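One structure is given here, and the rest of the page talks about it.
Chain naming follows the written order as A, B, C and D, and within any one chain the residues start at number 1.
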């Protein structure tokens, strides 16, 4: 199987984390999937992803003290593989894991994804549980000096035959459940280790091999970021997407910072290989967190800036909002057809320039030659931004005038042969189809 | 002008440094150019490059104490631009710079290149010399806190209109001389600075702009390395080649280390943009250095390993040897047609795997589908290395057998459908055309 | 000479920088000296220090663009030694340097100090000027790769016989002028260099030796900070005081941060060797800077916190204010006799504890056993802080009650045998003499 | 209790590690203690220390694969406290821990010490075991993100009331056993963590408090190094000795490197607070390691260099050899009375200078004024080293001649008033009592 064919364009979908934290239930996943099928599927959204600690019976019960309870009450089979918590995922009570939920999602014409932590459960290692179908035991698989800095559930897996066999047994089970997408966490950046920040790189390759063996086209997504640019070639060989940032939230500094991250990664966006700007924290978010349910803190201008950058750069688009509570503005934001068209396999994004105050990107359709230009105002006041036509086209221009259609407002502007200058609101964006 | 068309394939040529250090003369350059025209041109070698401190009258006179004499005797015009030292380059005595030498090289059907240091002469700044054709003076151009860690001649150039105008005046002069290739030093990595190791990045863009303005197709080569992988996109936008290593010499540890460097940079080899493994210290080298003239210290196996890696990866090939003293073995090494064919614009190199003991690379011609595979033994003893056919072709193979032609020996081997296993000598290489 | 006897207690005095930047004149220095003699001398203040670029004719003339003008107009003797700018220091016009100004200060019963930059003038090196009394020339002394990151005047001095001879010639001249105190800059931390942040350490030793040879008791003060704790032993062997912070100004974050710095350096305060918290930016400051003359931005509580910490820790006390414009509050702050008594050679400061919210220090007179305790509120709201008597005395206490006299207010409190709890205002301090 | 009185001079004794690794038995400890009582006690050696994993039943059984077996078979009481493995320490079979062994050692007039790992057993946390005398459980004490990089047994202890109560329960038990010395490992440097290398600093303070509460004078020794110089003040407040190096072995590079370490720490040697150069790997060592029993690899000159440096600097002296197999040369080395006298509380060591080739130290008895000078040859060939009398005495000397008695050979030399020059063998030392 060629993993680049699993995701020819940037994956689009929904993820439970931004709204539910560790607490999402089967019923809630279904409702979001139904919404997606009804309202978002036709725009390209297809993945429904259950995020972290679906195996925990006590997740969320000590939220003030711990996001992830140490030495907590987790469900595990006799081969040291976590299973869904039956209290939250009743269809798993018969031992079938996520089979029935995945099936429900598939029937809606969508795809089903899960979050996993890199490694093998610490409890499995302490108990010396067997690895399915082998003579290995979990204590031989687990590397006791490889831990996650923020989640206490797992040990890293050794780069040995025993280790590979554990990952094989895991992916085989996920494939049998009907999983289409795995977001593996604590693997892209392991910030705690002094000498090996991307300590999960062997495990990335092991997961790749296990997926190949499973014979199921499972998209592999790596978290958290920031990914390491010196490992770009490895992410590209073995994964479909990888986070280029630590957790992204609705905070202007994080969004402004993303411009630097997209600059850094712009030459690494390819078929089947997508640097990932992280989920879109839009609409209603935060219910499972200490804050409780709340509205996205970005202004509308900032939200447009975010969507525009993600599309110009061609990041995956995973919605963080609770879909069933989505308002019209947010829905409009997520379903701008001309903007979403930039995610096409024929498009290429490129930063033209960036300063503290502004950024300019172009996106080119290499088949049709169609150009899209985005002017971003990164400063805190309204600002005139100039788009030079030679800069945009990459050569001396021969046309006398150009027509610009702004993709959010529909406004049409014209320029002479040299440049277009427009006023862009603070933290805002103008993105033009250029003709 | 599209700078990627200046060098569609990796530049090939000769550079004076490895043999002459700072001391090469006009006559010596001519002799090497003549040799190249006679023996190497037909294989693709074309650049003749005069390396560091051609403007210094006292270069090399205190070699035990200094490679570059501080506050030395340098030749400069009234606009703060270094000129060739007339003692060493007599044709420049009339103020025409390298015009006559470049012309000589061009008449041989070759191209002419020079080495420059990033920046403006320190002495020009102290003297407040005017920048040609402007009201700026050198003290306004020079950044007194931007120096080179190992050469005392220059100050960095400010990222201002004054700074750009100095670089414009410089490149205009080089273009008028007929320069085809500029190796700019102290610009790719400036190791002394704590917070900004690639401090020359603004200057790279300024040089790019000055070359564009000059309207001459001048190849821009950046030194020294190691280049910074997080700046890959910038090197790629503004330069034609950039060093991925500090000075490379005939030392096994440096060569072994290059395998890691090529791994790191393998996804960045593109038309007009070449990560550079540095010059080939073959044949006779070292005359201008403390050692005096000496033979290359690499074994023949190591020399083949070097040439094979440079070609599989598609590095520029700049010969460090004194050409007029070249022996047959070295000439053969540099003129292996099948190996040099891997530098074609249709070829792509890729590392398949690497460990402490061995590395395996493939090179694919994307037009013809032709595959070349190289097995490198990085260990200190002979070693069996296995080439898996599925690994090589990237998919399940359907052929029952393969034929392998070794490119150095001509030896022909056959394998079954699964794998070929060969013995490779310590530090050596087998490189096969696969059918 | 034993350098520890040059400054048995932390040096106290005035420095021109915080008010005048690079622009102070002879007349202004005299006025400040006169004020010190009249009002501060009896409290222990004695050093009058002329800060940076007293040799520059154009200092301050391009203040918006440059604090230190590159390739500017500096006064230098024929041996490459800077001389006072005669426009600003008229008494130096006869070539006697600071002799007459120093003499004026001495007659007031005070001591005279100057600021110098580590190194030799760049212009001296370009001109190959002779080193007085030797056959060396400045180009042999100067290390062209050793510069200051923020001031363009000098090159570092090589650790050679030539280098030592230059420093000897320099200190000999200063001694002949009557200099009692040298604040050498760019020597304690050279932040620009990646691999050698305290690159001035050889020069520290060279200056020490030059002072020993001069046979004059010149206090050696090193700037800027932060000093490197792993070099503590060297500062202690060769210097009298060294900055433990980059430039300190009237900003709460810098002051709060100083608690961490004092914690770090507390075991290194010794006779003749004083970690230095930097000048006190009190009263009127800023005239020579872009802001123009302005009042100290610290609240009165913050000013007391600063004075208390400097005295408990036993930092040198160099006043940054323009003395002739000093108000009564500031004068009172600087002349609290009981607080200044903590600087005595018999006293030892020690941090008892520190958190984000509060810090507690004690200072013990090892001859009399007298204890002083300071409770600092580092938080942004008023706060109850508790002083445990066992913690204070370092052993089980046998007394039934204690009396506390607050040193700023004179207030007297009593506690039982265990602890005293008091409310301390935000950013404020209570400091008690304990009996 | 004042912890500085627990060890007024550098602790001296024997440690099982260098010979036995993880495998020492009760009988072997007794034999070494008996030897110490008979031959070494009169020279000041008194501590008998049982090193790592005395609680492990399977320690050493998979030595080729693991030094410390992950998820191994360890003995623990119902309160999560490790107990001696009864197979190796039969007297502990009755649940009395090390009580009987400690008592045996005490009867010989010696003191008893043990090694512990920072933290609480991972198995205790997984099992939620109770902390003795509290309502806390081990899962509340353990910090799941605080591990040791090289030993898999423990989790770090939280800086909370629960955490302190666990350490209190532990030290209370050790005190009841009669432990006089605790070498706590993984606490002085925790090299794995990127942002907090001395992550054990809270635990150091917690152990200090637990010892204070126990009311037993237990010396606290911290490992491994290198200790962090910026934490010197903390080690000094809470511990008696701390390792300034990672594990030291009989390797010249490590020994040469120790001169730099001693330079760094020389100002921190004080009553009750000793930077520790680590154990002396002399005589027979290595039995428990992969090598098997072997002789010390240092030459005799190197051994003298080591002993001399440790004594001049005033490091603790813990013998790594198997005492019962000690040869006469080694015994002589360890019992040089004049050298051991330098460890006296009246002595102070100081480095006079150090280069790549040589180091010179002095040691002064501040009561008697007696001077000892050591000349170390760090180069690989014999070398003349000069001792300047002014440098040694720190002032102009008034004597016309000096007498030098070499402490290893007894040789007596004389010098004039200025300097003594002697030839010192490669890697060797001459150490003189000066009169």
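Note that in this section a residue touches a chain if its C-beta (ideal position, glycine included) is under 8 Å from a C-beta of that chain, and two chains touch if they have at least 3 such contacts.
Please read all numbers here as calculations on a predicted model, not as lab measurements.
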Exercise. If you walk from chain to touching chain, how few steps can bring you from chain A to chain C?
Worked result: 2
Seminar exercise, completed: Larger contact count among A-B and B-C belongs to B-C
Problem set entry | Computed distance of Cα centres, chain B from chain A, in Å | 40
Problem set entry | Whole-Å separation of chain centres (CA-atom averages), chain B against chain C | 51
For this session: Please set out, as single numbers or ranges, the residues of chain B touching at least two other chains.
Result: none
Exercise. Of all possible chain pairs, which ones touch?
Worked result: A-B, A-D, B-C, C-D
Exercise. So in the complex, which bits of chain D are touching chain C?
Worked result: 2, 229-230, 232-233, 236, 263-264, 266-268, 394-395
Seminar exercise, completed: Given the complex, residues on chain B that touch chain C span 70-71, 122-123, 125-126, 128, 139, 142, 144-145, 147-150, 152, 191-195, 197
